Amino acid sequence: MRALVYHGSGQRSWDEVPDPVLADEFDAIVGIDAVTICGTDLHILKGDVPEVTPGRILGHEAVGTVEAVGSAVRSVQPGDRVLISCINGCGTCPPCREGRYGQCRRGGGWVLGHLIDGVQAEYARVPFADLSLYKLAPTISDEAAVMLADILPTSYEVGVLAGGVRPGDSVVVVGAGPIGLAAVMTARLYSPSHIIVVDLVPRRLDAAKTLGADIVIRNGPDGEDPVSLVRDLTGGLGADVAIEAVGVPETFELCTDLVAAGGHVANVGVHGRAATLHLESLWIKDVTITTGLVDTSSTARLLQLVAGHQLDPSVLVTQTFPLDQMMTAYDVFADAAESGALKVVCTK
Amino acid sequence: MRALVYHGSGQRSWDEVPDPVLADEFDAIVGIDAVTICGTDLHILKGDVPEVTPGRILGHEAVGTVEAVGSAVRSVQPGDRVLISCINGCGTCPPCREGRYGQCRRGGGWVLGHLIDGVQAEYARVPFADLSLYKLAPTISDEAAVMLADILPTSYEVGVLAGGVRPGDSVVVVGAGPIGLAAVMTARLYSPSHIIVVDLVPRRLDAAKTLGADIVIRNGPDGEDPVSLVRDLTGGLGADVAIEAVGVPETFELCTDLVAAGGHVANVGVHGRAATLHLESLWIKDVTITTGLVDTSSTARLLQLVAGHQLDPSVLVTQTFPLDQMMTAYDVFADAAESGALKVVCTK
Amino acid sequence: MRALVYHGSGQRSWDEVPDPVLADEFDAIVGIDAVTICGTDLHILKGDVPEVTPGRILGHEAVGTVEAVGSAVRSVQPGDRVLISCINGCGTCPPCREGRYGQCRRGGGWVLGHLIDGVQAEYARVPFADLSLYKLAPTISDEAAVMLADILPTSYEVGVLAGGVRPGDSVVVVGAGPIGLAAVMTARLYSPSHIIVVDLVPRRLDAAKTLGADIVIRNGPDGEDPVSLVRDLTGGLGADVAIEAVGVPETFELCTDLVAAGGHVANVGVHGRAATLHLESLWIKDVTITTGLVDTSSTARLLQLVAGHQLDPSVLVTQTFPLDQMMTAYDVFADAAESGALKVVCTK
Amino acid sequence: MRALVYHGSGQRSWDEVPDPVLADEFDAIVGIDAVTICGTDLHILKGDVPEVTPGRILGHEAVGTVEAVGSAVRSVQPGDRVLISCINGCGTCPPCREGRYGQCRRGGGWVLGHLIDGVQAEYARVPFADLSLYKLAPTISDEAAVMLADILPTSYEVGVLAGGVRPGDSVVVVGAGPIGLAAVMTARLYSPSHIIVVDLVPRRLDAAKTLGADIVIRNGPDGEDPVSLVRDLTGGLGADVAIEAVGVPETFELCTDLVAAGGHVANVGVHGRAATLHLESLWIKDVTITTGLVDTSSTARLLQLVAGHQLDPSVLVTQTFPLDQMMTAYDVFADAAESGALKVVCTK
């Protein structure tokens, strides 16, 4: 089969590789119908994720058709159209028993396109199929479904639910990339009074408005001052919930400035460097700060909301390509500043 | 009357000052029977709390007898023996309606010995008496009760409750001063499997053991390594809850090293400097970090536990003095390294 | 002034009575601008609420203008346009400290038009004004605001919040009177997948559809079977949340039949008779049943949602009358079957 | 092998039957080392549980040694000493993903000695071994461990956790049989102020006192009045949490009388008849009522507390017999009034 293979820092190619085979009785082999690229894949390509070794097939977000299942798989069978979750859970270790599949201690967690071969390929081996594959209703499009492999559950669980968004809250989302925009979409499920989005890029702020942001703030050197604007909008109090969706120290620190006393900072961004935590002002503020990897414990619920037309994540897809143009798709996604790409999907 | 007055950085004296009078219909005047000194009072004396201006009577932890009440006071009357809480709440502003009296926006919060005259005196004016004074059962001693003015609710609310301690948890308390020891006492109410206490000073660790710590770790240059010890004790996982009870960046950062994936860091310490938050490792760990000023919303419940002999906070009192030896009491408390002082109480 | 006075079972008149005066320093006198009638007022008129004695002015839902305040009132002043909440809270007794104002032990709870004179009058005395009056933004109409005196917080707190409605849930509301319809409106704030409404009256079901019900079921002798319909709609599981909004044993028992294993029955209805609880089938079903009087702890948040156009409760108002036609308004409200009345508002 | 076989209403015998064999790759075969009898087994023998058909081996509470495991079992292997939980969970169906194994929809839940052969035998087949078996530390005795098969997690999860017991609460447990006594033991983990136990039998009340009850009340025709006593003990308020541990309408209704406004009734008892729910008084009381089958999601945590000597459930064992005297053990357990039996254990 063909697959997108990582060959070391800066090196990727669309290679002929052996087909995957069942390696464990909990495995499934899935033929890929639609797959997308994550910002994390770009980090891997920069060499920032040392656990990913050359020769690894990348990708952890896909929709496909089950080809074969191991003998212990009970919930899917060949022919089923399924969502492949970015997180695999064994279901029996202590964190999995609490639904924290992202912290699985028996070979699950984020492994696809990371510790084992991923889904940017014609076929993929998916471990722990019962807890990682979701049968799709025919009314859900591939484009919508593939957004639920990672970014919607991530923004919902690690941003909206961990942040404890409630009706009437003021919510600020820092970062209007795909994760931040998905946070806007899923925060709306809780009817906050205001969703305020902060980003450097006007085009992304326009997208945020389209998806339901009430107020957008362009920050940056010649931009607006989010702290004073949010303070004005909230009677001087700050935001009830600040969702960090970038992953650099500056945006995290901005969130701790934007949050009200008694509020929540929900960190969703993937960070490579330490941030400064201003405990000299925060110690007295009754602030809750949360971090986390997605568990995809909300996936079934989100699929139901998509099926009921309460969420339409397909609007995050800006470009589509045939699967064998994966290399071009990467180019377009990597050059988002020019291409305006949010999520790029390759379909069979 | 006589009172302990702050006269600027490093300067305090036991002065003759005017008696306090009712200034508001929600006020009470309380004759002080027992009063203690807080680490925060020492910070004020160093000049670290600029809102405290020369001439201020210090102190926010006392037990006394009501002398007079304003016309709107309903729950206490002259002659009642009462605990004076360190926090005053108006009861009607938005945070007070949620029981977050520490964040009161109408003149409450921590004001005694801070923004208004305090309780290290023969008499004190207490605002919002209905929400700040607690009638004391005769079976509760002054020494026990005065520990509930600040340190027990602080350690319980900001440490144990915010940290979400549950039966069977591993709890680490960093810092075995009065607040840390009170955290040990109140964490035990939830039957954790292990309470581990980390401090530099052997005498404080001995006190921790006496109060219920299961394991004590002396850290510091020639000390033990808390991270590896806690890891060993928890099967490599780390502590479910790490309570910071010191207030310097190093101990906060230690807590973020000690906590398990999925765990809580509850910051109780008062900080004067920023800490480093290692988001490059924490972003994926499902960690919750909380900060907060005490609300004293748990005071009634803690009093009930003292009355029922389930808590005996009087053991934290290491020295007592007559009220007019307040200056000596300060010397002894400030020289804890030599005197071994935990809490020093002055009684009428 | 003129007021609607209860004169014993079945007897009411629009009488000349003395103007109310400040009786306590926490009181306010409010000139009534708009007032509505509650189903509970009809119960009182039937003689079902023995604590209401002849001579009592009825009514607990109004909007008005502050005329005078007691000396301890801080948050409102003469001239302020305010919502009068149906619940008064002292703010300092144990339940009030937890925001459970409905259970106030010092003279609050539901007292207006019940234990003291109410608001169906030209003027009313409101106890504990700081916790019972809410200043109104000019953009909020009287009709919208008066719905927040009782029915919106009741349906939201006792139905939606106690029931724990979450995005993606199946919610069934039994009873499409004003409270049930308000439950539909406020349940939508949490984006459930389905809101199913059950009632006997087609016109009320039409109203439910207009307000956001996804599915309506007409039950009754010649009607549909809600249990089998809800089962079909939920894959055989039942509803995640069943909200009882009628107040008779049959509808409560229906809710316990409709709820899924692991689900919630939130009783909002006011009951006069015992119901049968089928523990022989429920003991194993992981069901949570809640009851409660409203606390109006959500009023500020609901007002914010109305101001932000996320809720428009004025649609529940079906008829308006001048204040001095209160007797006619009662007739119309009492004859809802004929008049189609949901909420009837009298304005100055 | 030999096993205790149900032969229809009132009929049981200790029979020679075929050894169990692995039927599924998730199964384990366990050699029984210690087994106990549940009140439910007596119900079955009365013919009250129609799903149990003649020929069924009874029993769902045992400790044993793994003999063989199916190919998909990962967490235990032959030779491991294990606790057999009374609940089996598939781990992948929707309720199992939320840790609600008692509601498993794929063949789990309570099946042992109910829908499939049980553990009152020399060997047993245990489905879903990874989620149903717990390796035992050598320091935990068989007698202590076997109490964690059912009664401790049942009383803890369905009573103490569902009831939301907090430090300082007043807790009343109605019924001092094994489940009620286990509720006393596990409620103590949360340091309530008072644990009050109500039962008809003085001997059981003595046991309750030994295990930590603060106050015991003998009710019944010539007994004391629990309602007035609990009211006196709680300043007229009632209990914060009332745990029903009998399973008849009268005791459930007593719990709803004993509970305070704002309190919880946690039903643990297995009921065969409907109860009367006095909504005419409860509707206004802010009461939460919960029911549920145990999930055994707390088993690992309880085992840790036993290992740490914070719980010693072996004190509930009043008689032990060799395994081949199972018939006698049933006689003794069934005649608890005479024998004083709480839990009877048969060991290999």
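The chains carry the letters A, B, C and D, assigned in the order they are written, with residues numbered from 1 in each.
In this text, a contact is a pair of C-beta atoms (placed from the backbone, for glycine too) under 8 Å apart; a residue touches a chain by one contact, two chains touch by 3 or more.
These figures come from a predicted structure and were not determined experimentally.
**Q** With a step meaning a move to a chain it touches, how many steps does the shortest path from subunit A to subunit D take?
**A** Between subunit A and subunit D, the shortest chain-hopping route counts 1.
**Q** Chains in contact with subunit A and with subunit B: which ones?
**A** C, D
**Q** Counting only Cα atoms for the centres, state how far subunit B is from subunit D in Å.
**A** Taking the mean C-alpha position of each chain, the two centres sit 41 Å apart.
**Q** How many Å are there between the centre of subunit B and the centre of subunit C, using C-alpha atoms for each centre?
**A** Computed value for the inter-centroid distance: 42 Å.
**Q** Would you mind listing the residues of subunit C that make contact with two or more other chains?
**A** 98
**Q** List the residues on subunit B that touch subunit C in their complex, please.
**A** Touching subunit C from subunit B are residues 25-26, 71-72, 74-75, 90-92, 94, 96-99, 106, 130-131, 297, 300.
**Q** What does subunit D use to touch subunit B in their complex?
**A** Touching subunit B: residues 166-168, 188-191, 193-194, 301-302, 304-305, 308, 310 of subunit D.
**Q** Okay, in this complex, where on subunit D does subunit C touch?
**A** Within the complex, subunit D contacts subunit C at residues 95, 98, 100, 102-103, 247, 249, 252, 261-262, 267, 269-280, 282-293.
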